[in-house]
Each structure stands twice: as structure tokens, then as C-alpha cells.
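Across the two complexes that follow, chain A remains constant while its partner is chain B and subsequently chain C.
And then the complex of A and B:
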């Protein structure tokens, strides 16, 4: 059932994202930056909140009038900041909710990723506590409604003896000190939120807490436009001697209160607790995701740190050498943090398929995807190809399903992530003439399932990241195509176009220097 | 041309985003209670009578106590539960026996209840028993009230004000 829901959700997301890909391109699709957009909206809320706080009066009469002053008399700055404060917090709820849903349906919450998922649950509570607390400060009719309903909700807890709702039974029951407490909470809870946001990304290496600049500019402009078109305003001032009748509530934050009115405080507690508990336990529900972690082969590890730098989850640490070899450091893998993506294998300089005199055992390797087997698979499968348009198609588990690709002159090999392929394998395929060209495909450009697979691979191909693709490999024979799972048709068209290009290029001719080197035996041969 | 179309579609998508936020941040309007309704709040923060009366210690009992702890009188801490009832227009709307707070049951009995009623005339009867040794109710107040639309009428209880306060 859970699996069916996940697949259905994934189908919906992919089709929605396809629309955004057409508009924004797959490197700037907002759906690929939902988490960092939530961070960005948090900062808008924080900065605008600082300005509002400078004018806010922490008293029963002053709270409403100071906010009114900002909204009406200082509409051009205070009013805009108030609107930004409110709308960015709404945008944060939207992006946070979509981020969570997307990570769920894209299967990015289990296994090693449990930590980010798990710490995301208290984030939801803290975002809501921060947002709802902000609405109290305005002390209008909505604040009155929230104050009464929240205290009635909290009073349901058996640990609360004296009902909090007694504080709001009439005007005389409330004091100015209450607003000092509220202001303190409205600063304290967001600070706690920021702390948990920081914890949330602790197990990620190079966490992306800022969206691309174009999305930042677009988002803030959108918020500004909304703030000017529809400024956030207060409702009538609170009056605890009169009940609230109809109010224009913010449904992003306050939907829980009508739900509580329809049911009861107890039902809302049970619902909120059960949903939170269910979400928190999701990573450990079957089917469990347990892939074997990468292993370090110390005999071939020279402590170069490339795997350490490329790991997307900081699963690799560099430790002092323990085997007496003349290297300063060695790689160590923390199994509990490894997602088995193989990015480290692609980064290992010892992972070269040209070795024949010694066995092909790289310094770091995926136990269920040994490079030796990959080399054999390349040799065996490409041997079936004929002509001068022979294409080796290499993809990952999260791109187009390569099992369904059946084209003349094309063989396909699947990897956990295309960046698990050391660039020397591309050199091997082309220079040994196993194929006339290699097409690498995978997730969408801005949305690598393993976070940095596409980015690292492109940098390696462009000679900007170690290990670099050797310059002798003609770049026109290596093509990348990032299309995600649903890009099957586009991929077929791309392969066809690539084959036409290869036909024009003709058979690969190695540079004379390579021919001389091979003839003299200075390079191991396949 | 394609670039122009892309920018236009981006504008539309950003537009959809802010329309969603702009709309759902204030709409649809929620009706908490109807305009022709009023609210009666019943609230209580009151410690019931002691379950057992204070008693004098005999000289033998005092002697058994440590010298610095010797007192002539001891008062058991536990309080009586408080039985509270509210009838509106003759209909029993609330009836509960409220347990005293605290591990030793020596604290206040508390409650807070909110009732939404039609605006207009109502007959209220509130009664309370804070002593298990007394049968029936030892505090009672009855009053006819007229509630204007959206008015909040509070029923509180204070012994220093001689029992129920209708406000």
C-alpha cells in the first residue's frame, strides 16, 4: 500500500516537474530546490521580523496599535515588511510540505537518509509553533481566536492542571506581561527552529541551503509583488468580552483549529501525535533499504582524499595510516552513513580498467558492483556491436529504464549512479575501440538522486575535478543526457542523433603518441 | 522566441504561486460561531475542603517526632473533590466531579468549559459541592440572563466573593 502510494506520488511529481522543466529548465526547477527554498524563506521571515520587532510594543493596547502603525502609516516599509514576513512564512510551509512529500515519494527518506527525515519531523512542529505564535502578537480577532483555541487544545493534556484558557476568559484576565512572554517565545522558538534546521543537514556534505540565485531573485520578487498587491492587514482588535464570529484565517497555519472545532481537542492531539509518530517511524518500515556499504581496499588506497571530498553524505573520513604503507592517510567508511551510490568509486584514481598485470581492485569499491565485473561486462556486451555507430549507453537506477532500450548498435549498462563510473573507463571504451561513443544518462540535471553525481561527473569530464577524463579522449564521443525516469522518448532521439554524429566522425583513430606508447609497452593493454 | 515563452511561463508559474498564497492566507472565511450566538464560559479554580479535619497531637505523638519537627496540630493535606453542575434553561449542560490537583491531591480543582448558545434570554443554575461530608450542594446560584449576540458570559467561582460570580 505504502509502495503504491509512493509510486503514484512519484508519477504525479514527475509530471508536474516536467511542466516546470519546460519553463525553468532542469537546472533551475524549483522542485529540485524545495529544501533550500524553505531555508531561503526562513531568512526572509527572520530579516523582516527583526524590522517589525523594532516597532512592536509588548502590551495589550500597544501590540495592535504598533502593528497598525507599521501597516497603515508606514505601509511603504513596515507594511511591506509585515506582508513579506507573513507571506514568506506561508511560502515556507508550502516548500517544506512539498519537500517532505517529494523526499517520501522519491524514496529519499530511508536507509542512511533516515537522519534528515527524522529531524524534519520536529521541524514541522517548530515551524507551526513559530508561525502561530506570530499571529498571537497582532492581537486582533484572529489572535483572540487562536489564543482561546490553542489554550483549550493545550488544556486537554492531563499534565496541565490549571486551565490556560482561564487567562482569556475576559479582558480583565489578561496583562501586558503576557505580550512580553509572547514576544520572547516568538523569538525563542524560531531560534530553536534554526538550530534544528542546522541539525537537519548535519549528515549532508556540502548541504545546499541556498537555492540558485535566479530562484532567490524570482521568489523575493514574487513575495514583493504579492505584498504590494495584497498587503497583510489586521482584523478588528481583540476583545475578550465578545466572541469571534467570522474570521479570515491563514489556512496554511491555522487549518488545525477548524479541524479541532469539528472534532475535539483530544482528537486533534491524537491525530497530530499519530501522524508525527508514523512519519518519524517511516524510515524503518518495510521494505527496508539496506545496500552493502563501500569497502576500502587498503592495498590500493593511497589516501588521496578524493573519495572523502566527493562523498555526498560524509560517510568517508581520512584517518592516519594503519598498514605501514608509505602514505600519510587512509580512507575509512562509516557503514551506517553510506548510501552505496558509488561516487567515491568514480573518484578513486586507482580504479583504472587498463590494469591487466594486477587484478582490477580499486582503493574503494561497491561489493555488489565490482569494477572488474563492470570491465568484463563492457568488453562482453560491446563485442556484440557492429558498424561505426556503436554506442555504449550507461545509466543509473533513477534515470530512464535502460532494460527497455533496444536499439541497433546500442548496448546499455546500468550503474548505481553514473558518477560511480571512473572517467578512465570512458578512455578505456573509446581508446580500446570497444564502442565509437558513450552516452551517459541519469536523473534530471538539477535533481541527482545521489545529490552530486551529475555535478561531479560533469566536472570530471570537463577536467575541473579529479579524477579528470584524459585529454586524449575526444569529447565529441562522450555525450551526457540528463532526463530523469520519464525521459525515455527523448533519450531514444538523443541516441539516434548521437549515432548520426558518430557516423560523420567515422571510426576512432588514436593519437600517434598513444600508438607509439602501446607499441613500446609503457601502457598496460586490455 | 523560445526564451520569451520560457520567461512568460515562469511569470505565470510565479503568479500561480503567489495567488495560492494570497488566497489561502485569508480565505475562505471561517465561521467560529454564528452572529446570532453567544458564549457562556464556566470556569473554576477552587480547593475543596480538607477531607479530614485538623487534629491535636497527643503528648506521646509529639514526643515521637524529631525535636525540630514537633507541632501541636496536624492537618491532613488531601482535599475533597469538587462536584460542579451547570444547567442552562433547565437542561444539565455540565456535570463533573473534579479531582484536586497535585500528587497528594492537595491542590485546586480546576475546570474551564465553553458553551455556545443562542443569543437571548436564558435561565442559569450553577451549583457546587466542595465537601464530601456534605450531601447535595453547598453553593448554588440561579439567574435569568439576556445575552446579546457574540457576548461572552463568564461563570466563575470564588469563596471570597461568596461563591459563584455571574459576569
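And then the complex of A and C:
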């Protein structure tokens, strides 16, 4: 059931994102940056909030009029800040909600990823508490509605002795001190929110808390335009002597209140707690995701730190050497943090298929994807190919389903992630003529399931990250193609284009090299 | 007889780097011994693969140390590492595929390959970090 829901959700997202890919491209698609966009909106809310706070008066009469002053008299600055404050808050709720849904359907919430998922649940509560508090401060009719509903909701809990609702019986019962408390909460809760946001990303290495610049500029501009066209305004001032009848509400934040009106405070409590509990427990609902963590092989580890640098989940630490060899450090894996992506294997300098004297066991390895088996699979499967357009297709589980690719002159091998392939395997395949070209395929360019797989691989191929693909390997024989699960047809076109290129290139010849020139046989003629 | 001898002045003063340099010399000498005793081409190739693996790991460690100590000639030294890795791969491929590439060529190339970098780049590293 859960699986079916996840797959259909994923199908919907993939199609929706495909539309965005047309205009944004697959490196700047906002759907790939929902979490970092939520962070960005938080900062806009924080900065605009600081400005608003400078003018805000914490009293029953002053609250409304000070905000009216900002909105009407100082519309060009205070008004714009108020609108930004509001629209960025709405944007934060939207991006947060989509982010959660997307991580769920893309299956990035289970297994060792439970931590980010779990810490995301209190974030929802804190975002809502912050937003609702903000609307309350305006002290217009919507605020009055919030005040009455919220206190009714909180009063349902048996923990508060004196009913909070008593404050809102009539104008005389509300004190200015209550507004000081509200303002204090409206700063304190967002600070707590920030703290939990920080905890939320603790298990990631290089967490992306800033979206690409083009998305930041774009969303700020969009919100500025919206602020000028449709500024955020207050409703009529609150008056506790009159009861609020019909009002417009911000549905992003306040949808729970009409629900409570239709049911009861108790129902809302039960519903909110049950949903939160259900979400919090999701990572441990079957089917459980358990993949064996990578294992360090000390005989092949000299503590060079490359795996440590490339791990997307900070699962590797460098610890003092434990086997008495003359090395300072060794890699250590924290199993509970390892998502088994294999990016570390792709980074290990001892992970090279040219090893023959000792067994091909790299310094760090995935137990269920041994490199030795990969080398054998490459040799065996490519042996069936003929001609001079032989293509070895390699890809992950999150791209085009390679099982379905059946093309003449092509064999496909699956990897946990494309970056789990050490670049020297590419050198091996080409120079030992196991294939004429290698095509690597996987997720969408901006949306690697293992966070940095595509980025690291591209940098390694371009000689910008260790281990670099050797310069002697002809680049025109290595092609990358990022298209996610839906790119099947395009992949077929890409393969046939690649095969045509390979036919033009002809068979591989080793590079001209000083080594050859220096060799005694040719030195005389040179 | 060995192709390369370890001399104390080779020491760069970092235990791990010296340890791996000694390992590397032993490996190259082992290739040389095998060549002298007419070992099969296959055995020699297996040794070359081992040298490639060890030197890749060794350079990775040396680069990490240089970066950690903010060594001023890191860029040049790193470039030399990359060049040497390409070169050992060339040596491996030529030995495997080229009939004109004799055992003597292999020994000469290996000696040259190892010593050149050692005498220039690593000697400077020694002076600066040792």
C-alpha cells in the first residue's frame, strides 16, 4: 500500500517536474531545491521581520495602528517588507510541504535517512506556530478569529489552569502585556525553528541551504512584484466587543481553524497528533530499508581521506590508526549513517581494476557490490559484443531502467550510483578494449538520489576532483546522460548517436606518449 | 641486485610517506628481480597493476598531507603526480601490447619514472616539511 502510494506520487512528481524542466532546465528546477528554498524563505522572513519589529508597538491599540502606518504611510518600504514577510512565509509553507512530500515519494526518508525525516516533523509545528503568531500580532479581525480559536484549542488541554480564552471575552479583559508576550513568542518560536532547521541538516555533509542564485533572485523578484501589485493588508481592526462573523483567512496557515469549527478542539488535537505520530513513525514502517554499510579494509587504507571528503552523509570519520602500521589515520564508517551509495568506493585510490597481484579489494567497499564482481561482469558481458560501436551502458536504479534496454552492440550494468564507479574502471574498459565507449546514466542532473553522485562524477571526469579520470583516456569515448526514470526514449536516441560517433572514431589507439618515444626501439628513429 | 636502493636521505621525515616510499622501492625491485629471472609476462603485468594501485594511494596520501600543511608548491607537485600516473599507465599498456617494448625498456622506464619525481619534487617537499 505504502509502496503503491509512493510510486504513484513519484509518477506525479516526475511529470510535474518534467514541465518545469522545460523552462528551468534540469540543473535549476526548483523542485530539486525545495529544502534549500524553504531555508532561503526563512531568511527573507527573518530580515523583513526585523524591520517590521522596529516599528511594531506591543499594545492592544498600538499594534494595529503601527502596522497600518507601515502599510499605508510607508508603503514603499514598510509595506513592501510586510508583504515580503507574508509572502515568504507562505512560500516557506508551500516549499516545506512539497519538500516533505517529495522526499517521501522519492524514497529518501527511510533507512539511515530517518533522522532528517524525523526532525522535519517538529519543523512543521514550529513553522505553523510562527506563522499563526504572526497573524495574531496584526490584531485585525483575522487575528481576533485566531485569538478566539487558538485559545479555545489550547484550553482543551487540561494543563492550563486559567482558561486563556478569558483574555478575549471583551476589550477590557485584554492587557497590553499580552502583546508583549505575543511579540516575544513571535521571535522566540522562529529562533527555535532555526535551531531545529540546523539540527535537521546535521547528518548531511555540505548541506545545501542556499538554492542556486538564479532561483534566489527569481523568487525575490517574483515576491517583490507580488508585494507591489497585491500588498498584504490588514482587515478591519479587532474588536472583542463584537464577534467576528465571516472573514477571509490565509489558507496556507489557518486551514485548521475552519476544520476545528466544523468539528471540535478535541478532534483537531487528535487529528494533528495522530498525523504527526504517523509521519514520525513512517521510516520504520514496512517494508524496511536495510542495505549493508560500506566496510573499510585496513590493508588497503592509508588514511588519504578521499572517501571522507566525498561521503554525502558524514558517515566516514578519520580515526587514529589501529593496526600499528606507519600511518597516522584510517577511515572509519558509522554504519548508522551510511546510505550505501558507494560514492566513497568511487573515491578510493586503491579501487582500480588493474590490480591483479593482490585481490581487487579496495580500501572501502560495499559488501553487496564488490568491485571484483563488477570487473568480472564488465569483462564477461562486454565479451559478447562485436564490431567497433560496442557500448557499455552503466547506470543506477533511479535513472532509466537498464533492464529494459536491449540494443545491438550494447550491454548494461547496474551500479548503486554512477559515482560508485572508480574512474580507473573507465580507463580499464577503454584501454583494454572491452568496449569502444562507455555511457553513464542516472538521475536528473540537479537531483541525484545520493546527493552528490552526479556532481562528484562530473568533476572527476573533468579532472577537477580526485580521483581524476586519467588524461590519457579519450573523453569522446565517455558520455554522460542525466534524465531520471522518464528518459528512456531519449536514452535510446543518445546511445545510437554515441554509436555513430564511435564508428567515426574507429578503434581505440593508445595515446602518443613520452614512454613510447623513449623506448629503445624507437628512440633511434625519433 | 636491486634496481633502486633506499637511502636515508630519501626520507621526507613523515613516517607514513617514508613507509610507502620504501614499499614502492621494494615493489619496483621485485619487478626487476622477476624480469631478471625471466618471469612470465603475466606475472610482470600483475606487479605493474600493483605498482599502479600503491602509487595512486600513495599520491593521494601525499596530496592530503601537502594540503593540510598548505605546501606552497602543491599545484605543481600534484600536476606531476597526475603526469606520473598517466605515465605508469602508459608503461603498463605498452608492456602489455607492444612487442617492441622490451624487458630492458620496462626496467629503464620504471627506474626513470620513480627516480625523477623522487629526486626533484619529493626532495623539495622534504626540505619544506621535514
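The definition used in the following text is that the second predicted complex is superposed on the first by the 511 of 526 C-alpha atoms of A that agree within 3 Å, B and C clash if a C-alpha of one lies under 4 Å from a C-alpha of the other, contacts with A are read in each partner's own complex, and residues count from 1 in each chain.
What we mean here is this: a residue touches a chain if its C-beta (ideal position, glycine included) is under 8 Å from a C-beta of that chain, and two chains touch if they have at least 3 such contacts.
Keep in mind that what you see is a predicted model, and the values were worked out from it rather than measured.
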Task = Name the contact category of A:229: first (chain B only), second (chain C only), both, or neither.
result = first
Request  = Return first, second, both or neither, reflecting whether A:290 touches chain B, chain C, both chains, or no partner chain.
outcome  = neither
Key: Contacts of A:241 with chain B and chain C, given as first, second, both or neither   = first
Ask   = Of all residues in chain A, which touch chain B in the complex?
value = 20, 22-25, 86-87, 90-91, 94, 145, 148, 152, 155, 161-163, 165-166, 169-170, 218, 221-223, 225-226, 229-230, 232, 240-252, 257-258, 261
Inquiry  = Using the touch definition from the top, list the residues of chain B that touch chain A in their complex.
reply    = 6, 9-10, 13-15, 17-18, 20-22, 24-35, 37-39, 41, 43, 45, 101-102, 107-108, 110-112, 114, 150-152, 154, 156, 167
Complex contact set, residues of chain A against chain C = 300, 302-306, 325-328, 349-350, 352, 354-358, 363, 424, 427, 431, 463, 466-468, 470-472, 510-511, 513-516, 518-522
Request  = Could you pull out which chain C residues touch chain A in their complex?
outcome  = 15-16, 18-20, 45-50, 52-53, 56-61, 63-64, 82, 85-87, 89-94, 97-98, 100-102, 104-105, 108-109, 112
